[in-house]
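Right, I'll just put the structure down here and ask away after.
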Amino acid sequence: MKSGKWFKLYIGVFLVFLYAPALLLPIFAFNDSSIVSFPLKGFTLNWFNVLWETEALHTATKNSLLIAVSTAIIATSLGILAARASSRYKFRGQKAVMGFIMIPLVLPEIIVGVSLLVVILQMGFDLSLWTIVLGHVLICTPFCVAILSSAFLNLDQSLEEASFDLGRSKLATFWLVTMPLVLPGVVSSMLISFTISLDEFIIAFFLAGTEPTLPVYIWGQLRFPQKLPSLMALGTILLILSLTLLATAEYFRRRSARKTGIEDAGGFL
Amino acid sequence: MTDPIIRLSGIDKFYGDFQALHDVNAEIRTGEFFSLLGPSGCGKTTLLRTIAGFEDVTAGHVEIAGQSMDNVPANRRPTNMVFQSYAIFPHMSVAENVAYGLKARKMPKDQIATEVATALKQVGLEGYGERASHAMSGGQRQRVALARALVLKPKVLLLDEPLSALDKKMREQMQSELRHLQRAVGITFILVTHDQEEALTMSDRIAVMFEGRIGQLASPQDLYRRPVNRKVAEFIGVMNFLDVSVSDGTGDTFDCDIAGLGKVTIPAEQAPGGVDASVTAGVRPEMLTILSGENAHSEREASGIVEDVYYYGDMTYYDVKLDGVDHPVTISMRNTAGRSVLSRQDRARVGWGAESVLLLK
Amino acid sequence: MSQLAKWRRSEEASGWLLVSPTLVYSILLLAAPLAMVIALSFWTQDYLDLDKTFTLKNYIEAWSEPIYQTLMARSLKISAFVTALTILLAFPVAYYVSFYVPQKRKPLWIFLITIPFWTSYLMRIFLWKVILGYNGVINGSLLGIGVIEQPLSFILYNQNAVVVTLAHAWVPFAILPIFVALEKIDRSLLEAAEDLGDGPLRRFIRVTLPLAMPGVVAATVIVFIPTIGDYVTPRLVGGPNGLMISNMIELQFKKANNAPLGAALALSAMFLVSVISLIFVWLNRKYLVGQK
C-alpha cells in the first residue's frame, strides 16, 4: 500500500520527536562537560558522584518519596470507594457526583495549587509536606477512579453473589473474591498516583513550605548552569526508576491475568 | 404429600416504576425438580434471585422449610445457586472453589478434604481438584459449580439457566446428568430456563411465567395436554389455532363448530380455562393425521391442500390449508414403514377427533 | 422493618455511603477552596491585610489593563495553537495504531507512546531548551551539515518554542482518547461504506472521521483547558514575549502580594477556556447529529 509507506515515515518522524528529550537525558548525564550542549566531550560518571554528595537533594528525595507513597495510598483508597460505588451501585445523582470527583482531571494544576494555598493560609495552617499530599491526592484520585472503575467493571458480579450465596459475609467476600481479582488494578492505580505525585511540580511549588520536594529542588537548581549536568544524571536515574516500576507492574499484571485466565486486554494504561 | 419446601405468597417486585413480579403465589414440593419457564424478561430469573435472597421483595413473603425468609440475607439462606456464568472463582483451584462454602462454616481441614472429594466424585470430576479452574471447559465449570453448591447440602438448589452456554450435544448430556444427580441427592432443584424442551424433559412440575405472572403451574404432561390459555399453549410446543363458534352445551360438554374441521361436541375438561367470546380451538400437530389410502379411516375427516412439506427424516411436517380457512395448519406425521410422503399442492384428507381439540381463551 | 432501615439496606444508600469519603474529600479540597478563591476575587488586599468588602475592582483591572489583556489573549492563542498542533500530530498516530498495527501489538505501541512521559516533567521541558537553543541540537546539526551559517535564534525564547514544547508534553493525552474512539468503530461500517461505493478518502471523511469525533472532542478539552494554566514551559522556553497568564497569577499570589487580583485573573482565564470548550463541544453535538 502506497499510503502505508508515507504513514510509516510520519510515524518514524513522530517517534523521533517524541523520544528526543528522553534520549538526550542519558547522553548529557555521561558527558564530560559542565555545559549542557553539543558537541559532546567524553564519558564521565562524575555527575552521578555529585548527586551522591549533595545533601539537599537527598532530603528533597526523601520528602518526595514520603509524599508520593502517602498520595498513592490515600488516592487509591479513595479511588477504590468511588470506583466501587460507580460500577456496582446505581444511585440518584451518581453522574453528577462522579463528574465532580473527576473534575481535577481537566483543571489546570495552577488553579488547584492557588485555591488550596488560599484556603490553607486563610485557615491559618502552616504549609508542610502534608499540604502537598492534600493537593496531590486531589489530582491523583480521578486517575485512580478511572483505572479502578474498569477493574471493577471487568469483574463478573455473579462471582461476588456466588461467594455471598455460599455463606460468606459481604466483608469476607470483598477480601476473598473482589480484592484478589481487582488487585492488578489496585497496583496500577498506586503506581500511577505514585509517579504523578513524584513528578508533580506546580502544586508542590505553591504548597511547599520550607521543605522542598524533588521537582521543587530541581526547579531551584535549573537557574545554576553548573548544576545542569548533575540534574541530567538525576533525570536519568528517575527515568530508569520509573521504567523499572512500570515494567514490574506490567509483569505482575500479566502474571495475574495468566493466573486467572483472563484474556490479556492490553496495557494497564 | 409432604409439606412444601418453599412457599411464595403474594410476591411483588418493582424496579422503579417497572413491575417485574405481579402477585406471585406458588408452593414448591420437597424433593421435586421444579422449573421456571418463560420468555426472556418474564421475571423467572428475578423470582429465582428473590428465593436466593439477592433481590428484596417489594411485597409478599418467601418461606423456606417453614421459616420466613424476611430479612434473611442470601448467605444465611438454606439455598445455593448455580449461576448462569457459573461464577467459578478464577483465582482458585477447583478444590478451593468447592471448599469455599465449607471454609466459611469453619469445618476442620481434613473433613473439608473428604467432603470436597465426595462432591467432585458426585459430579464426575474425581481427581480434578488441583486443576486451575480457568483451565476447565464449559461443561466442567458447570460441574464445579454444581459440586460447589451441593457440597453444602442446601435444602434447595437454584439453577439459573445453567445449560444455556453449552453446545447442543453437551446440553443434552447435562440434562440427563442433572436429572440423575437430583434423584441421587434428593435435594429440591429449581431450574430457570427459556427452553421449553429442557423444562419438559427434566421437571416434575413447571411454572410458566409471562410478564411477571405465573401463567400456569402444572406437570409437563398437563402443561402440554391441558394448557389453560392460548399463551401457554403457544409457548409450549406447537399449537394450531382455528376459529370456533360455541353454542351452549349441557354444562359437561360444549357444542362447537370449528372452521375447516366441522361440528363436534367436546367435554368441558377440554376447555381448561373456561369459555367466552374470545375462545379459539387449539389443535396440536400430532392430533391431526394425514389419511392416505383407501383403508385409512378416522373418527372424523376434513380436507385441504398441502402448502409446504418439511421432511425431517423420522418425521414429516405439513402445512395444510384446510378448506374454508385462509391460514395453514401444521400437521406432523411419523414416517413409518410404507407411509408415503405427500408433495406440495397434493390434496390431503385430514383425520381428527373430538379429543384432538382444546378450547382456549 | 422501618422505612429508614429499609433505605439503609437499599442500593441507593450503599452507593452513597461508599462514594461519600471521596465526595467529601473533593468537596473539602476542591469545591470549598474554589468557592474561597471566588470570594477572594471580590475582595481587596493591601499588603497583608484583607479587606472583605465586595468589589469588582479586581475584575475591572484584570479585563481592562493592557498587560493582562495581552497576556490573556496570548495564553488563549497559545493554548489554541497547542491544541490544534497536538490533535494534528496525534490523529495520524492514533489512526496508525488502530488500523495498521496488529491487534496483539497495540498495547505495546500504546506503551511505547507513553514511555517518554516517565521522564521528569521539568527535565523534559528543560531538554527542549537544549534541543532548540543557540548551541542546541537543531542549530548544531543544521550548522554541521551546512544548511545555515548562523545559529537560528527564532526557535527558542518565543511563543513558537512554547507551542512546540507544550504540544510534545500533551500529545499522548490526545492520542489515547482518539485511539479509543477509533477502536470503537465497527470495522464492518467501513466495509459497508466501501461496498456502497466510497473510495478511501470519501470513506474516511464520511464515516471514520465523524465516528472518531467524540475522541477528538475529548482530546481537545483534555489538552486545551489545562494548557492555559501551564507555568513551567513559558518560564523556561518562552522568553519575555512568551510568558503566559499563569506566570502573572503566580506573581500576584507570591511576590506582588495581591492574591485577590491573582484570583480574579485565574478565574477569568478558567471562565474563558471553559466557555470556549463548551462552545466547541456544543458545535460538535449540533453538527454531528445522531451520535451518542
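Chains here go by letter, A, B and C, matching the order in which they are written, and residues are numbered from 1 within each.
Quick note on the criterion: a contact is a pair of C-beta atoms (placed from the backbone, for glycine too) under 8 Å apart; a residue touches a chain by one contact, two chains touch by 3 or more.
These figures come from a predicted structure and were not determined experimentally.
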item	value
Of all other chains, the one whose Cα centre sits farthest from chain A	B
Contact-richer chain pair [A-B vs A-C]	A-C
CA centroid of chain B to CA centroid of chain C, Å	59
Computed distance of Cα centres, chain B from chain A, in Å	55
Approximate Å spacing (C-alpha centroids) for the pair chain A, chain C	18
In the complex with chain C, residue positions of chain A that touch it	3-4, 7, 10-11, 14-15, 17-22, 24-25, 28, 35-39, 78-79, 81-82, 84-86, 88-92, 94, 97-98, 100-101, 103-112, 114-119, 122, 134-135, 137-138, 141, 145, 195, 199-202, 205-206, 215, 218-219, 222, 228, 231-232, 235, 238-239, 242-243, 246, 250, 264, 266-267, 269
Of all residues in chain C, those that touch chain A in their complex	11-16, 18-19, 21-23, 25-26, 29-34, 36-37, 40, 89, 92-93, 96, 100, 106-108, 110-116, 118-124, 126-128, 130-131, 133, 135-137, 140, 168, 171, 176, 200, 221-222, 225-232, 236, 246, 249-250, 253, 259, 262-263, 266, 269-270
Chain B-touching residues of chain A, taken from the complex the two chains share	156, 158-159, 161-169, 172, 176-177, 180-181, 256, 259-262
Chain A partner contacts - residues on chain B that touch it in the complex	52-54, 73-76, 79-81, 83-85, 87, 89-91, 100-101, 104-105, 132-135, 148-149, 152
